[in-house]
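By letter and in written order, the chains are A, B, C and D; residue numbering begins at 1 in each of them.
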């Protein structure tokens, strides 16, 4: 099956009200081209699961400013003042989850695990309403798996089968986000021949990737800028 | 707070760290530590997916896909490894980080930490704070003794939201070093020319001390 | 059981598999499938940590650290990837395998499978059987119609221990193909010159059928 | 810290009655040198957590025959008829766990997770006595994390820091076993200079590895044979 799509094509896999799992840590490892396309679409009432909401007017911050988002689930939104303001104005619902719990919950979503008991956040406000359980004398809270409708991820290289490798810490949440949605779209810097990626080095095996879109951003002085 | 006091705290914490230890440095004062290590080599973990974080690169070597958890460009030391966020927090939560050095809003006299939210303000960021508190083998708190408003940061009971039940091991301020043992805060060392009466006065928390330290 | 019947079953299952599908093949009859694919290319997953399993290597290329789940030496296809057991079973349990083709001891008329233990015998091996039953998107059972003792393997109710609540989608024997829908077993196709009365006779399970199939 | 040990030295980290987590799938990725040393030691009453117990008289099968083992926890013991016999004779306690549950339970042990809800084995004999929970309409059973006293793993290459890479499917359970014990000993085929392993390729970062022992086995015609 040919997985390569033009950037305009992937949008048909996203519906109003969908829950999107989006890779990235701040602006690093963020699918900028895919985000631009969603911003330019008529899609609305989306929920985003991502560590941050980008920066003001950048990355996922664009979707916020374009009023595409009803809800954001993640660990750190304070670096985008627009997100804070949208929350204050009642325009954006926010669910805050510790960063490690977020990563693990999405991993579980992709791994057929329903939930897990974690040490993190025991005895805090973020544990309110959550089941506490003592295992081997230690207290844990129950966290449920997170799954999405569509995952938007960013990798460095893909082969035509959809195997992925990442650029340094641009890896971050992308490999787990790739596992936990019905449809997974990977934006990549480069597409290489099948067999060019070392089997021991492949981080995301192709079973997880439904479609590949070539990025319309290029790196200049270490920062991605639009190429067109 | 004077930068000189922040540097004093960082330098004193360096004495607590051992060659080769795996350390996660929080934001604020902890980020000063790499500048004062001297000959000591640490292995720095960055929770966005790197073990073996090196110093800031020169401008022409910046790659914004090689960044710290504070989103600043970094380099990799020899022997560094890269991994995803779920594996990074498995490392943190699973007890594989020797020491986390954390800034705090408050720490109480049992060692419980508040470092993610201020009451009455919007609570929209927690990041990896609670995972580090729950998972690091040793927690060293780096903090100035009093807040900008002159209020004690070492308190009897937290008035800010807790970061978890797991207690800190040590707190270092510009005036003193305290350790936490069996739920009690104990003075280890005085770092300034402050008198013990004065230290008690500006410290909200109750602490134990002995005359060897106060007369040193 | 004649090898010719086992091959017939494998060949019929090949018809159910689509080009490019990700497939995990259990032990027994399923391992014959790669020999009868013709032009069809599958992506074979091996639960010990490989996606893209290729055929047996020549003797001089054997590496016993590149083996199948049956512990036989294998090769890698172009585009293969390697991973650890936890990631392999995340892939299986998380619904990322299109089809598992499994041998069974019994399958009941609702599609529930028994393929890991025999009552009264020591139960000391389960391997990945239950993970595959729980996780694969489609389960095709490959089985001869009757056991060595002449007892039906397609039964009303399992008398062997269940491999999980998740039901099979299809069962292929040397005599027939059945599908499971809404807890009911339905005859899809007759593969031998057996008469319907005879098929009912040798099949322990109750199944539905229509005259189009039996007169075909 | 120097992590390299002679094969005779690591034994001091193991005590009578310890629970050992041992990597390997069948004979692949098995720490044969470390197993030989334990077999030759006076250690006793050990529990082994490993997918199999090797083969008759090979790999972990040696420890069984030398009467070192009280209990084995794993997924598939029937390929070692000695293990079956020892169980029949009441000399070996066996705890059977589905292979994927075993891998996940050990991963949780190393990741600060107390337990998890899995779809695998719901409604089977292996779920007897285990809590069942419905999450989002689907039934799961609770499985607890597994931790050990000492992990014995096998990798292909290590650098002097203890970073590890594996040989093809010799990877199997080794990376998770490396995370879940107080002391982790890695047997390796080759020790390379620091910096020689690509940071993106390292599978087990050095924080997990306490000691490295050079293997006394060499591969001939694809099979490991004793070199001395």
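Rule of thumb we're sticking to: a contact is a pair of C-beta atoms (placed from the backbone, for glycine too) under 8 Å apart; a residue touches a chain by one contact, two chains touch by 3 or more.
Fair warning: this is a prediction, and the values are worked out from it, not measured in the lab.
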item	value
Chain pair, A-B or B-D, that carries the greater number of C-beta contacts	A-B
Centre distance in Å when subunit A and subunit B are each reduced to the mean of their C-alpha atoms	29
Chain centre separation (subunit A, subunit C; CA means) in Å	35
Distance between the centres, which are taken as Cα means, of subunit D and subunit A, whole angstrom	33
Per-residue multi-chain contacts in subunit D, two or more chains	104, 107, 111-113, 118-120, 166, 168, 199-200, 203
Where subunit C touches two or more other chains at once, by residue number	76, 82-83, 89-90, 92-93, 134-135
Pairwise touch network: line, ring, star, complete, or other	other
Those chain pairs that satisfy the touch definition	A-B, A-C, A-D, B-D, C-D
Residues of subunit D touching subunit A in the complex	104, 108, 111-120, 133, 135-136, 138, 140, 144-145, 165-166, 168, 198-201, 203
Partner subunit D, residues of subunit B touching it in the complex	20, 22, 43, 45, 51-52, 76, 78-83, 89-97, 134-135
Subunit B to subunit A touching residues, read off their complex	46-50, 59-67, 69, 71, 73, 76, 82-86, 88-90, 92-93, 117, 122-131, 134-135, 161-166
Subunit B contact footprint on subunit D (complex, rising order)	1, 107, 109-113, 159, 161, 163, 179-180, 194-195, 197, 199-200, 202, 205-208
Residues of subunit A touching subunit B in the complex	25-29, 51, 75-79, 83-84, 87-88, 94, 96-104, 106-107, 118-126, 139, 156, 166-176, 203, 219, 221-224
